[in-house]
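Okay, handing you the structure first.
Naming follows writing order (A, B, C and D), and every chain is counted from residue 1.
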Amino acid sequence: MANKLDLDRTKIDLSRKMAGKIADRLHAWIGDYTTTTTERAAARLLGIDGIDAAGVPLANVMVEKLQQAGLLERGLVPWLSRAVVAGGETPREIAQALADGKLQVQDVPDCPEEKWRATADGLAEKAAAQISAVRAERESRIAKAAPPSKPMLYVIVATGNVYEDAVQAKAAALQGADIVAVIRHTGQSLLDYVPYGPTSEGFGGTYATQENFRIVRAALDEAGEETGRYIRLVNYASGLCMPEISAMGAMERLDMMLNDAMYGILFRDINMRRTFVDQHFSRMINAFAGIIINTGEDNYLTTTDAFDKGYTVLASQFINEQLALRSGLKEEQIGLGHAFEINPAMEDGLLMEIAQAQLCRELFPKSPLKYMPPTKHVTGNIFKTYLINGMYNLVAVMTGQEIQLLGMLTEAIHTPFISDRYLSIDNAGYIFNNARHLGDELIYAPGGKVQTRAAYLLNEACNMLQEIEKIGLETAMERGMFADIKRTREGGKGGSGVVKKDSGYYNPFPGLFGAHALAAEGRLS
Amino acid sequence: MANKLDLDRTKIDLSRKMAGKIADRLHAWIGDYTTTTTERAAARLLGIDGIDAAGVPLANVMVEKLQQAGLLERGLVPWLSRAVVAGGETPREIAQALADGKLQVQDVPDCPEEKWRATADGLAEKAAAQISAVRAERESRIAKAAPPSKPMLYVIVATGNVYEDAVQAKAAALQGADIVAVIRHTGQSLLDYVPYGPTSEGFGGTYATQENFRIVRAALDEAGEETGRYIRLVNYASGLCMPEISAMGAMERLDMMLNDAMYGILFRDINMRRTFVDQHFSRMINAFAGIIINTGEDNYLTTTDAFDKGYTVLASQFINEQLALRSGLKEEQIGLGHAFEINPAMEDGLLMEIAQAQLCRELFPKSPLKYMPPTKHVTGNIFKTYLINGMYNLVAVMTGQEIQLLGMLTEAIHTPFISDRYLSIDNAGYIFNNARHLGDELIYAPGGKVQTRAAYLLNEACNMLQEIEKIGLETAMERGMFADIKRTREGGKGGSGVVKKDSGYYNPFPGLFGAHALAAEGRLS
Amino acid sequence: MTVDLGKVKTYGDTLNDGAMQVSFTLPVPAGDEAREAARQIALKMGLESPAVTEMADLGAGFTFFVLYGKCTHSVDFASIKIPKQQQKIMNFKEVNSLIKSELGRKVVVVAACTGSDAHTVGIDAIINMKGYRGEYGLERYPEIEAYNLGSQVPNAELLARAVELGADAILVSQVVTQKNIHLENLTELVELAEAEGLRDRVLLICGGPRISHELAIELGYDAGFGPGTLPNHVASFIAVELVRRNRP
Amino acid sequence: MTVDLGKVKTYGDTLNDGAMQVSFTLPVPAGDEAREAARQIALKMGLESPAVTEMADLGAGFTFFVLYGKCTHSVDFASIKIPKQQQKIMNFKEVNSLIKSELGRKVVVVAACTGSDAHTVGIDAIINMKGYRGEYGLERYPEIEAYNLGSQVPNAELLARAVELGADAILVSQVVTQKNIHLENLTELVELAEAEGLRDRVLLICGGPRISHELAIELGYDAGFGPGTLPNHVASFIAVELVRRNRP
């Protein structure tokens, strides 16, 4: 990627350094805590699926009981492996017994640490091997498939009914979509458990459940096989159950996950500590599973003005990147989010969009950037919206974006109809092809509006990062520095699910994932 | 206009020189002929309006009678002014008398040449003064109005009913159109007379009549006054009555005329000699009336492939320019036509469109280029068409076009609905504003696809012009060098209306217009 | 061209031509039969001479159509009467001075985006200090005490807070409308308010991109505000309505 | 998801949701009343819950609407039967060898764009040497003698030339369709052919962007060809049909 913007490299380096320090400051304490969902995620990785008679997921049942018993501080795994050691049953069976009341937490006898640790590591090793197998299957399918051309076409389905979603996902894939996301029910992110089984009753989207993942995965594999491609599936490792959903995605071969370090705090008013702890484990799982994450900076531009606050997106991208790296994600897995949200009525707004998109590209050259379409300023004039989406596609192909969320002509009206997706794919197909090498062709006038805007944005982002490095990210969020949204340090949902680790805490996965990553170094290209 | 394409100036100069020679070769004989419509145009300029009992325009009646009497070789004016000298009546009264059978051609006595010449010149002087007054009114209205921003928004109305047209023209103006054209009935170009009075029965368009001109002019003036702008009115000085329609337009304050030196031959199979003679007088009138002409090279790309034959547009523009200059038009009045017609399915087609549009701009820097929208490759998918129109608008604003014929989302379906125009204006308004200074911002990579294409096009056009300079334009058209359409030298409609001038031929207007033009030199900016 | 207001028809380029554009998807595979099915749908809708101008295969047995036709229906425009918020729209100053002079006390407003809906931009535009499109939000009004409870607030909680704060007006935003969830939510709020005997003591106002005043009235609200609403529109309504109710 | 083919409804994102998009203009000034009028039109068309998503003032008393609603109509897809050109489509070689072997003489085809219509690109695509989208035009077929009379040819002249040239087939193109001028022109040609006793001696074929085989049959033609037609489609039809008629 050429340096088309004549950027000041010292500013880039300084920004990255500041972001690193900001991340380090968080990591100074993140390791001291665990959360209910982190433990539930470990449970899920160990095969604890299913629900009890009241419909409560077994992972929740177990974590609640451990919490009541004051044992969660040491983590779920130590208890569970002791139970395995004691009874020889599978984790799933133990969870069921607990739920059925056939087993009490206190019933499990202690055993030598080497013993339960070895068992824990063995169980985790098996779980990891399963995920590795899923990952290997993804890689083999991708190797056999025709490579998608870039930017990749990403569409959403959001009927609320997984069976309808599957039909629509498949149709989208046949129409040419490279990536399909199943949008979640409006309320799911605030549920402190993951619903179970196939669902057909969501508003604004469909519940993320492991069974739903499977159903849509199968539909997309079918479409992929029919067309000789590999269709990527996306869901949301976000909200109060970030790591659990990552675990489910790792098992069901999801390919991407919306997964941001700050989104939950800002947009769902989730407790800060909860979110920072959750995102870490969640991302470790994604990293290990070879899942690409999508961060949510685009959302900032829906609550603030995209022209005025464009630099906050960049500052946040630097932070999200550093946090992601610290959870083991490779740059190639970090799909940083940004968006085409400048008011279309702005004179030379298109030049400003070009500047921002090109800047993201140059600042994060290896990131599969996730570019979000115009949403805020589009209206019920579907023709106009279709056109604005076309300009968005043009900027994307000009600036080398990778993950292109296609704008829907009915964005201002309803979650997409089947024809809306078709038209959006047609739109992108036309623009990407008709302007394929436009980016190679164009040079921005030195000192012109595009370069000037880019320099301004970088400078502002760098200043913001320097400030945050001083005050800390939590304070920055208290002051509303992102998305104009203020959150208190102790407030927000899910705070009670944060648990200070005991010295005896153990979770085999982080170490295991790290070791595997070291071994596999160089496997990700 | 910067030289963004790094063009070879010697090729430009050579092309223009060749085109000049091609035009000169035609002018070697154009002056030897007159045509029925040229004489009828003179009659109209002298106030001969109206129709006879059978509905035949008085101008036609008179010309036919003179032709039957073998007098047309000398021109209409000599006879007419002798009649004026003899009877003291107005030209209009004389025409009426002739039509009513109350006067016979032979009845008019001869008189000394100075006598009828002086009368003729006097009448013509009066006619010219009227046109000058119309022109002055246009200029004063323009001076008072807010200047249109460029590219100017040009839309068509085409209901077939002038009253409906007037409503729609006004609505379009209120929506923001700068220029409104009333498209003609499909068959009118082959009528060897101009229909009379207000009409409400056309297909694919509305008859061009002087009364219709007036009705729409009034509607647009109204809209202009309401909005503090000046709305330009366009019609077609094209077909078998080119000069007559120019005369009508001059009197009714039309602002632009579709008026091409070759279109009639190629697209309406009109006789070559007829067309070349007609275009000359037609353009002299336009020149004098301050009307901007629009040439029709865009049409070539509807019958041939726009990528393969793009250079033929350029060659034709050079020729049209030279012919126009020889009829007294200033460069600022020569709205050379070109079009965005490359198949949208072509990879990098947009780069090719940019190259062609930018090239036209640089080759004809003072011309108010008329840029035509995609028509041939658009389909009944109105969303897609709307988007392609947006890309067309983008190329226009990037390359500094002036007269922007707005593409209609229903181009492939029907002549425009009122909402189609609205949406097209909205489309252009958004793109022009949002990308206002994109052209200033972008530099084309030296030796890149855009520059390479432009150099290729110029080179091919230059070669073509060199060849035509050798063989003559008529032979070039016999060989189908434009629009892939072959026309024979003697064939085509309207050939019988060409009349070799007698040595006593006289028409006061060309000399008069020339003299006025000299006097007013510098008035056009 | 004189329009008969008793029989208004759609217009393409000629009065009463009935021109209309339609697009839709049918769950049948593309082909001549699908095109005919599309035409038949159009005919049933009362479109004459329907012409399918685009037929696109969406894969998986769906086909998308664009169609033009001539609609035979007309409406009696002359007799359409729309319930309107009668009072004139005042500006920031006017609202404040009206409240001050006529009520002589601060007006308490409680706002939220309810149910599972988390779209706060709309209600924030009305409430927050900085306002919207150059118009200050209600928080800035010296004579208004505005509480913005944020998003995903359960209806019961909203009512409880309103009671607690002595609200004069409750403002609810609903943006997500899939499967008419907004209607459900809004109806529930009215019912709860009635059940708790609150309904007459407070102005109930709703807003959102698919809300109209008419719809709001139908649902049992005092007013409804749709797209493009500015804070002063709402403030005007509240002020005038409270003053009116204040008078005997 | 199982579609009931006897009752197919339009589809947005859920089977039988009836979703549909509509746009049109009303000759009334923009405002709440206009929006209501638009809604009423939609209701009359059988759209439930119509929602106006865009209302734009077009000036001069016109208003444009975009509207979504749920169409209540359904069609019986299972019972739709479309008349089709039965023969299979042959390629250039196959057509020529069929004519050679079965007719043993050259087939004469006369083509024109008739009336005031001057759109020759479509008929040229079928007739001219160079053809269309990689398929040779009829002029290139060794077993076909094709005459392309060009544009704006009066029907009477076309028939006269057809008689003169001993045409086996007459090909007419109609592109301009405003106020159904194409239907008038096409009907006139059939009537003239019948009046002159020619109708049974020649294949009458029409084509153009708004022509379908069905429509052509209705108008009294032997076949009709719409958008996307390739020269060999037409050649196949002519060859097979002439062979068929040649047989007793």
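Criterion: a residue touches a chain if its C-beta (ideal position, glycine included) is under 8 Å from a C-beta of that chain, and two chains touch if they have at least 3 such contacts.
Everything numeric in this text was worked out from a predicted model, so none of it was measured.
A centroid comparison over C-alpha atoms places B as the chain most distant from subunit C. The chain pair with more C-beta contacts between its two chains, of A-C and B-C, is A-C. The distance from the centre of subunit A to the centre of subunit C, each centre being the mean of the chain's C-alpha atoms, comes to 34 Å. Mean C-alpha positions place subunit A and subunit D at a centre distance of 51 Å. Our note on geometry: subunit C versus subunit D, Cα centroid distance of 43 Å, whole angstroms.
Contacts with at least two other chains are made by residues 1, 11-12, 15, 19, 21, 23-25, 51, 56, 62 of subunit C. Chain contacts: subunit B has residues 167, 381-383, 412, 414-415, 417-419, 423, 426 touching two or more partner chains. Note for the complex: subunit A touches subunit D at residues 157-159, 161, 163-164, 167-168, 379-383, 410, 412-419.
Subunit A contributes residues 160, 167, 170-175, 185-187, 190, 203-204, 267-269, 302-303, 376, 412, 414-415, 417-419, 422-423, 426 to its touches with subunit C in the complex. Across the interface of their complex, subunit B is touched by residues 23-25, 56, 58-60, 62, 64, 116-118, 120-121, 124, 150-152, 176-179, 181, 209 of subunit D.
Those residues of subunit C that touch subunit B in the complex are listed here as 1, 11-15, 19, 21, 51-54, 56, 66, 68. By the touch criterion stated above, subunit D contacts subunit C in their complex at residues 1, 3, 5, 8, 10-12, 15, 19-28, 32-34, 36-37, 40-41, 44-47, 51, 61-62, 71, 73-75, 77, 80-82, 84, 210.
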